[in-house]
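These are the structures, in structure tokens.
Across the two complexes that follow, chain A remains constant while its partner is chain B and subsequently chain C.
Moving on to the complex of A and B:
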């Protein structure tokens, strides 16, 4: 996963498997929390898929509304987690 | 007494105290009372009459609460609806409940026409079109069956039905004007009647959890602390998620009453809670939407997971009996409820259909609602749940209670949550599937532990290890969804 657009693809694919309305398009600035788009199951799936595809651990302390507001805020977190990881391994 | 009088009386006694807060709007009792009066006047001006059924289709927040109080003040039956439900479901619910009017914040569902009647606060009034509205001259409150099988039915409650429960909570919990009630349940869920009306009865503040936080346990814990919540009523699944959200490391000195209902609280996590809040009171409440809470047990401070958890005794003023197939009361059987909490009936296709049975207790005959839940009374007269009448399955000649499988599996150290479901669709004779979430353990090891812990006749045919169990819109484990997962 290399960009916020890849992350939007990932969220779109997960939502396609849920009962979320099909007409919602996921853009970097789409508000993910206002319309009840993400239930707790979907949130966990997104966190798990990010761990698998971005190669970072998604700590439970980061599963907070502020990080899931938009794909952009979530992408900012992924970049932070990656930076922390490379700082540790270095 | 009626539900709408509570707010007016309290506004007279405590005009300046905080009444309602949703994270963006905060109102005193005087402010809320005036705004409710304005909305009620607008409803009446646009044609709402005493006894009409008025739906409130708005996100949980100050606007929805204001509209519910206003519908009650207009003498109507108030019916909270959930705008995140699929449109078709909302339309069916509105139709079956005979809603003549709908207060909407967003789009108007089919079957209603927008009156372009602004009610203030971004709300508008829509009028039924194409179906005959129902009327209940005494007014009341409408909730819905969960409708996990089939479409939801309207559950018509009288003012007294709701007040019976609310009065008891106020007395038992000692609710007062200094309390802050943390409201997390959807307004469509009977738990929220405590949040709204115990506050209105006493001058406490109803603090609504912002919807955007509800699926983030860590945020809910922070909210409990920052909002200084003193009373909290939620389903066990939510309490368990807060253990993962850091509730054990967050000081919550104000939280003095923790009540739960809706499903069984696994004993391990409950013991962690009881130890965590040694000075707080814990209540296990039980009752279907049709009677609201009808039994309760206060959990002793020194309770441990080694002791079975009961649902306790009947609320004062109610009779709760355990009846056999002929409606005769005894030490065990189906839970039957009689008294002022029992609902008036279901609304189906706009018609009120009472659903009452006659039961026999010794020489006495009582009119009661049969819950479908099974119970047994212990030596102290406390009732212990024994599952649903329809959760008992028969496999290869053995009668098996799915709840018994779950209680055994739930006690395995690695298991965070589980649900056993019946799959008659897989093979002839049916299979039991166990869905479970485990903490950082090898799935194979957990499956092995499941089979070691259960007697062979109760062993699941299939174990599905998953990241999270699906939840209903009431926050409980969605068993119907699990029972229809793809194979």
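Moving on to the complex of A and C:
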């Protein structure tokens, strides 16, 4: 996963498997929390899929609203986690 | 995984528990708790290359059961160790760090205050709430019910709503000192299963919580809950392994020594087959629970193990019940008399299908994970 657009694709794919409204498109600035788009299971799935595809551990303590407001805020977290990881392994 | 090192650990813990509880048969819950905790069962041991800390803890829980520790105490220890301590350790909360040492020594007892009168499986419907008190702290109001160890615990991990809407981020978790003003515990509920550990309710009447009582960030309650329930479903039923092995051993002895129709009872193919089924239940349950311990030791995330943890919980609870049913039939009338040495408690294993997530609701979550359009 290399960009916020890849992350949008990931979220779109997960939402396609749920009962979320089909007409919502996912863009970097889409508000994810206002419309009840994400239920708890979907949020956990997104966190797990990010772990699998971005190569970072997604700490449970980061599963909070501030990180899930938009794909952009979530992408910022992924970049932070990646930076922390490379700082540790360097 | 299960191997000779694990078997040695189980044997060591079995011996330890027999001597630690010797003469304490009629002692109160906290005294027995402290006696077993004295062996270090609640402490995270320095792990060596062969056996990780979770597998070690599981072997300890199995071992004390094999040594004859009452099932209720095994259950309570497993519940705190796997359902609270390990998850809080991985969550890394300052509120936990302050308590960890006392908890690991067995001086501080914890309880998991999630369920309310209205239920526990639908956490977003909870009514207990914490509101900011203006100085960075919180005020907690509400009632938690059916909480294991509530009548005897010192601190509770309390889940409360910090937002009014029904959103995934509406919940937060707090570690609450139960001696704080405004906390009231009920009398122990008159349980008829797992009677060895008390259960009760906790009332919070405008309880003041300092800012550092919050576990993780505001709104992280559901994430922590996902973690604690995943640990619990994967490993709590490990408490049943020791008692099951004891019952299997004594059933084999009984079938060899009891004579009927001029031969040992165990010479009947029907009896032998039932005992083989009992061994199958023990084997399957041990294999499943130790495999989950191994995966936690390999640092797989609780979130990613949630579905397999649910499957493990369902399977062991079902096996434990069927196993106990077989034992009760083979013990005959003695299964239902208290001092025969063959008494079978069918309520304990039946309760396993209900606590830590009722099996039927777990089935729904498993099916949903498989892609079925099914909701709770």
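Everything that follows uses one rule, which is that the second predicted complex is superposed on the first by the 90 of 90 C-alpha atoms of A that agree within 3 Å, B and C clash if a C-alpha of one lies under 4 Å from a C-alpha of the other, contacts with A are read in each partner's own complex, and residues count from 1 in each chain.
Going forward, a contact is a pair of C-beta atoms (placed from the backbone, for glycine too) under 8 Å apart; a residue touches a chain by one contact, two chains touch by 3 or more.
What you see is a predicted model; the values in this text were computed from it and never measured.
Engineer: Can A:60 be said to touch chain B (first), chain C (second), both, or neither?
Structural biologist: both
Engineer: Scan A:35 for contacts with chain B and chain C and give back first, second, both or neither.
Structural biologist: First partner only.
Engineer: Looking at the overlay, what does A:51 touch: chain B (first), chain C (second), both, or neither?
Structural biologist: In the superposition, A:51 touches chain C alone.
Engineer: Looking at A:68, would you say it contacts chain B, chain C, both, or neither? Reply first, second, both or neither.
Structural biologist: both
Engineer: Please write out, lowest number first, the residues of chain A touched by both chain B and chain C across the two complexes.
Structural biologist: After superposing on chain A, chain A residues 19, 33, 36, 38-41, 43-44, 48, 60-61, 63-65, 68 contact both chain B and chain C.
Engineer: Taking the complex as given, what residues does chain A use to touch chain C?
Structural biologist: It comes out as residues 17, 19, 33, 36, 38-41, 43-44, 47-48, 51, 57-61, 63-66, 68.
Engineer: Mind pulling up the chain C residues that touch chain A in the complex?
Structural biologist: Interface residues on chain C, with respect to chain A: 90-93, 124, 167-169, 216-220, 222-224, 226-227, 301-304, 306, 365, 368, 371, 373, 375.
Engineer: For a test of understanding, state which residues of chain A touch chain B in their complex under the given definition.
Structural biologist: Chain A reaches chain B through residues 19, 33-36, 38-41, 43-45, 48, 60-61, 63-65, 68.
Engineer: Looking at the complex, which residues from chain B come into contact with chain A?
Structural biologist: Residues of chain B touching chain A: 84, 86, 211-213, 215-219, 241, 244, 246, 467-471.
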